[in-house]
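Each of the next two complexes has chain A plus one more chain, namely chain B in the first and chain C in the second.
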Partner chain A sequence: MTDLSVASLLFLSATLLAVGLFGILTRRNFILLLIAVEIAMNAAILNFVYFAAFTGTPGGLSGQAIAVVLVGLAATEVAVGLAIVLALNRTRGSINVAEATSLKN
Partner chain B sequence: MAVSFVIVGLLGTRLKRLEYGGWVAVGFAGASMVVGVLVAAAEMLHPGHYSDANFTWLHLPGSPGTFPNGFSLVIGVLVDPISALMLLVVTVVGFLVMLYSIGYMHADRGLPRYYAELSLFLTAMTGLVLADNLLEFFLFWELVGVCSYFLIGFYYEKPSAASAAKEAFLVTRIGDVLFLLGIFIYFSVYATSGGGAGWAASGFLFVQGSTPFLAATMGANTPLLTVAGLMMLAGAAGKSAQFPLHAWLPDAMEGPTTVSALIHAATMVAAGVYLLAVASLFLGFTPDDRLAIVAVGGFTTFFAATMAVVHPDIKRVIAYSTISQLGYMVLAVGAGFAMVGLYHLFTHAFFKALLFLAAGSVIHAVGTQDLFKMGGLRKSMRLTSIAFAVGALSLSGIPPFAGFWSKDDILASVYAAARSNPAYWPFLILAYATVFLTAYYIFRAWYLAFSGEHARDATLPHAHEGPWTMRVPLLALSALAVVAGLFAFAPSFASLFSIGGGSGVPPTYSATELVLSAVSVGLGAGGILLATALWGNGRVYVLAPDSTLQPLRTILLQRYYVKAFYDWVGLTLVYGGSRIADWFERYVIDGTIHGFERLGTASSNALRRGQSGLVSDYASYVVLGVIGLLLLLLFVAPIVLATVGVP
Partner chain C sequence: MIVEELAFLALAAIAVGTALAALLVRELVHTILWVSVFFVSLSGLYFLLSAPFLGVLQLGVYAGAVTILLLFGVMVTRKRIFAREAATGIGPFPLALALLAIVVLAVVAASLPQQETVVRAYDVTLLSTTLFNQDGAWLVLLGFVMLSALSGAIYLVREGRE
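Our next item is the complex of A and B:
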C-alpha cells in the first residue's frame, strides 16, 4: 500500500469523477446516465477508502465502514433509478431523458 | 335550608328528560315552585338571614403592585331576602305558565323544543336570582337572554318572528356588552386599588360570611364609578326594554303568548330591574347615576304608555304596558327605593302574567290578535273577561288590587325623593300622567275585546273557554293579582323586602301620602271613565280624518320612528360604513395582495423560460455551481479575508 502515493490515488479518484460527470452531462440514455452517476459516486467512495488506509486504526475503520454504507446506498439508488427507468419506459415508450421534460410545466 | 339550596341548585338536571313532553316540564316546574315557596317561607321565618354555598372555581394569585389581591371566580348559591322573593315570583309564575302551556300549545309542532327551552329558561332564571356574585349573575343573565331569543323565534318559519328574535337578541346585546364593560370598570376600581375591602378579589361575592357586602352610600360623583353605574343602567335598559333600547319588546310578541307572559312580562324583563336593585345595594350608584336612572325610568314610563294608547294589537298593548311598568320600577330604584321597585316587580309579575294569559286565552279562542276584529267575547268567555278585568284593574292602580299598593308606593317614594332633589320633579309628573294613560289604554283593550254584542269581524270562529289547564292558571293568577299587594302588610313577608335598613315596603300612609294616593286613584278612575265613554258597550271611537290629533296618532303608531331610526342607523351608518370598508378591502387590501400575486406570476413566467426540463442541463448547472463555489473558496475568499484583516 505504501508504494502508492496519496496524490496518485487522488488523481485516480479525480479521473473517475471527471468520467462520471462527463457521462452525466452528455449521455441521453437513462441507463448510461445511471452508470455515469455510479462512476462519479465511486470516486467519492474510493476517497474514503484511501484516507482510511493511510490513517490506520481506529479512525481508519470508520472510513471503511462509511465506504460499505455508501456502497449500499449506491445500490438502493440504482434500484430506485431502475424503477424510474421502467416507469418511464412504460409511459413514454422510451428511456431517452431528453424527451422526459414535462416536469418543467 | 341548606338542603333546599342543593335541590334548587340541581334543578338544571331536569333538562335531560324533557323529550317526555310537557307534563314532565310541568312536574319539575311544580317541584321547583314547591321548593321556591319553601325557600321563601324559610327566609320569612328567619328574617334577614343570608345563606351562601359556593366553591371557588378558579383562583388567580395576585401580584404586588398592580393586582395585589388576586382574583377568584366563584360559583355559588345565595339565598337572601330579595333572592327568595324573586325565586317565589319566578317559580310560581313559571309553574302556572307551564301548566297553561299544556292547553294553549297543544296544537303546535315542536313541543319538546318548546318545553325544553322554557325549562332551560326557568333554570337560568332561578340561577340568576340565586347567583351569589356578579360574574355568575352575568352568566345566567346571558343564558336567559339566549332563551328569550329561542322562544321569540319559536315560530321560526315566520319571517317576522325570526327577525323579531334577531332584533331582541341584538338590542339586548348592546346592553349586555355595556354591562360587561361596567363589570370590567368595577373590577379595575376594586381589584387594583385594594379598595372596596378587596371586593373584586373575593370574586364579586354579594356576601361576606353571613353579612351582605353592601356598598357604602355614595354622596359624591366619582367619574369612573359614575360611568360604571351608567353601564349597569345600560345593561338593565337592554334587558328591561327601557328607552332607547325598548323597541325589541313589542316585537318580541311574535313568540307564543305563554312566552310573552313568562319571559317578556313577569320574569326576564324584570331581571334588568333586579340588576339595578342588586347594583344599588352592592355596587352603589353615584348621584349622577341616580338621576340618569330616574330620567330613563320616568321617561320610558310615559313614552311607552302613549304608544299603547293607539295600538290595535292586544298583545302589543300589553307589551307597551310592560315597558311602561318596568319604567316605574326603574324610576323607584333610581330614586333610591330599590325595595319599592322590587315590590312593584312582585305584584306586576302576577297581574301582567294574568293579562297576558287572558289575552292568550282570547287569541286561542278567536285566532287573531287584532282588537278591532274582536268584540262581544264577554258572553262566551266569562272567566277570561273577568280575569282580564282583574288584571286591568290591578294595572290601573285601583284599590285594593295588587297594583294599587305597589304603584302608589312608588309614587310616594319618588315624591319623597323629589322633595330633596328637585331634578326628579318632571319625572314624577310623567309618572302621574302615566297612571291616567295606563287605565285608559288597558280598558280600551278590554272594551274592544269583551264588550258589545258580537264580534266586529263575523268570520271569527265561535269563541269558547280553553281547557282546565288554561283556566286554573287564570284563576290562580287572578287571586294573586287581587291579594299579592296585601302580602307586604304581613311583617314576615315584608322582611323579604329588607336588605340593609329601611325599605319603604309596605307603604305607610301619612296625610300627604293619602292625598297622593287619592290623586293617583282619581287619575286611574278618570282613565277608566274616558275609556268607557269612548269605547264602552262595543262602541268604536274613530278619530276624524282631519282631526288635529291624526298626526300624533301616526307618530304613535310608527312608535316615534325609533324603529325607523334603528333601521336608519343600520342601513345608512352601518351599511354605508360597511360599503366603504368593502371598497377599501376590495381595492386597497385585495389590490395590494393581487399586486404581489401578479408580481409573483410575472417573475415565475420569466424564470420559467430558463427551464428546459432536461436532466443533463440541471446536472451541468450543479457542476458549474460547485466549480463556481470552489473558485470562490480558493481564490476570492482569501482576498476578501485578507482585506478585512482576518488572518
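Our next item is the complex of A and C:
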C-alpha cells in the first residue's frame, strides 16, 4: 500500500512529456529524435500505470495490460526508426533530419 | 508513508534529470547511457506503483533491448563512435515554450485535488488473466503490428534499393 497524490505523478509525466517535446523540437540527429520520442512515450505509459493503480481492480488491470502492449509498441517503433536511420545513412551518408529533404516539393 | 513519498520524489528527480541530460549532452553515446538510467528509474517507479511485471518488462525491453538497439544504430552510422555532435544551438523559442509549458503544468498540478490515493497491490497472475483473456485482442493486435513492422524494416534496409 502506497500513498501518493494524483497531482505529483501527473506533474511528473507532464514534465517528462515536455522534456520529450523539447527534444523533438530542438534536436537534429535522427537517433536523438528517437530517444526524445521514447521519453515522451514513457510519460504516457507512466500515466496508464498510475491510473491503473488509482482505480479499482478490473479497470486497473486493463490499464496495466494496455501499458504492457504500449511497451511492446514503443520497442517496435524504435526498431522501425533504426531501419529508417540505416536507410538514411546509406542513401545520404548522414542522419541529420534537416538534410533529408528529398521528399520536399 | 514518508518512505514511499521520498522514494517517489527521488525517482522522479532522477527521471527528469536524466531525461534532460540525455537530450542536452553533446556525445551520442553518453546520451544513450543517460537514457538507460532514465529507463531504470521509470522501472523503479513502476515497482513503487505496485506494477512489478511492468517494472521487469521495462528493465528487459527498454533498459536492455532498446538501449542496445540505439547503441547499435550509433555504431553502424558513425566512423568514430565517440564523436561530438555538431553544436546545435537551442533557439530561444523552444526553450521559452518548454519553460512556459513547465510553469503552466505546475499551476495545473497545484490546482488539482491534493488527496492521497491508495495504490492497490496487484497480483501478477490477475494481470496475466486480464492480459490473455479479457484484453487478449490487444496482444494479438500487437503481434500483427510487430509482424508488419518487421517486414517494413526489412523492406527499408534491403540491398539494391535506390
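Here, the second predicted complex is superposed on the first by the 103 of 105 C-alpha atoms of A that agree within 3 Å, B and C clash if a C-alpha of one lies under 4 Å from a C-alpha of the other, contacts with A are read in each partner's own complex, and residues count from 1 in each chain.
Operating definition for what follows: a contact is a pair of C-beta atoms (placed from the backbone, for glycine too) under 8 Å apart; a residue touches a chain by one contact, two chains touch by 3 or more.
Just so we're clear, the structure is a prediction, and the values are computed from it rather than from any experiment.
J.: Touching A:A7 in the superposition: chain B (first), chain C (second), both, neither?
T.: In the superposed model, A:A7 contacts chain C only, not chain B.
J.: Once the structures are superposed on A, label A:L21 by its partner contacts, choosing first (chain B), second (chain C), both or neither.
T.: both
J.: Between chain B and chain C, whom does A:L33 touch in the aligned arrangement: first, second, both, or neither?
T.: A:L33: touches chain B, not chain C.
J.: Which partner chains sit in contact with A:L82 here, chain B, chain C, both or neither? Use first/second/both/neither.
T.: In the superposed model, A:L82 contacts chain C only, not chain B.
J.: Which of the two, chain B or chain C, is in touch with more residues of chain A?
T.: After superposing on chain A, more of chain A is contacted by C.
J.: Touching A:S102 in the superposition: chain B (first), chain C (second), both, neither?
T.: The answer is first: A:S102 touches chain B but not chain C.
J.: Please write out, lowest number first, the residues of chain A touched by both chain B and chain C across the two complexes.
T.: Comparing the two interfaces on chain A, one with chain B and one with chain C, the shared residues are 21, 25-28.
J.: Could you please specify the touching residues of chain A with respect to chain B in the complex?
T.: Residue list for chain A touching chain B: 21, 24-28, 33, 97-98, 100-105.
J.: Show which residues of chain C lie in contact with chain A when the two form their complex.
T.: Against chain A, the touching part of chain C is residues 1, 4-5, 8, 12, 15-16, 19-20, 22-23, 28, 31-32, 35, 38-39, 42, 45-46, 48-51, 53-54, 57-58, 61-62, 65-66, 69-70, 72-74, 76-77, 85, 88, 90-91, 94-95, 97-98, 101-102, 105-106, 108-110, 112-122, 126-127, 130-131, 134-135, 138-139, 141-142, 145-146, 149-150, 152-154, 156-157, 161-162.
J.: In the complex, go through chain B and note every residue touching chain A.
T.: Going through chain B, the ones touching chain A are 608, 611-616, 619-620, 623.
J.: For chain A, which residues count as touching chain C in their complex?
T.: Against chain C, chain A makes touches at 1-12, 14-16, 18-23, 25-29, 31-32, 34-36, 38-39, 42, 46, 49-50, 52-54, 56-57, 60-62, 64-69, 71-80, 82-87, 89-91, 95.
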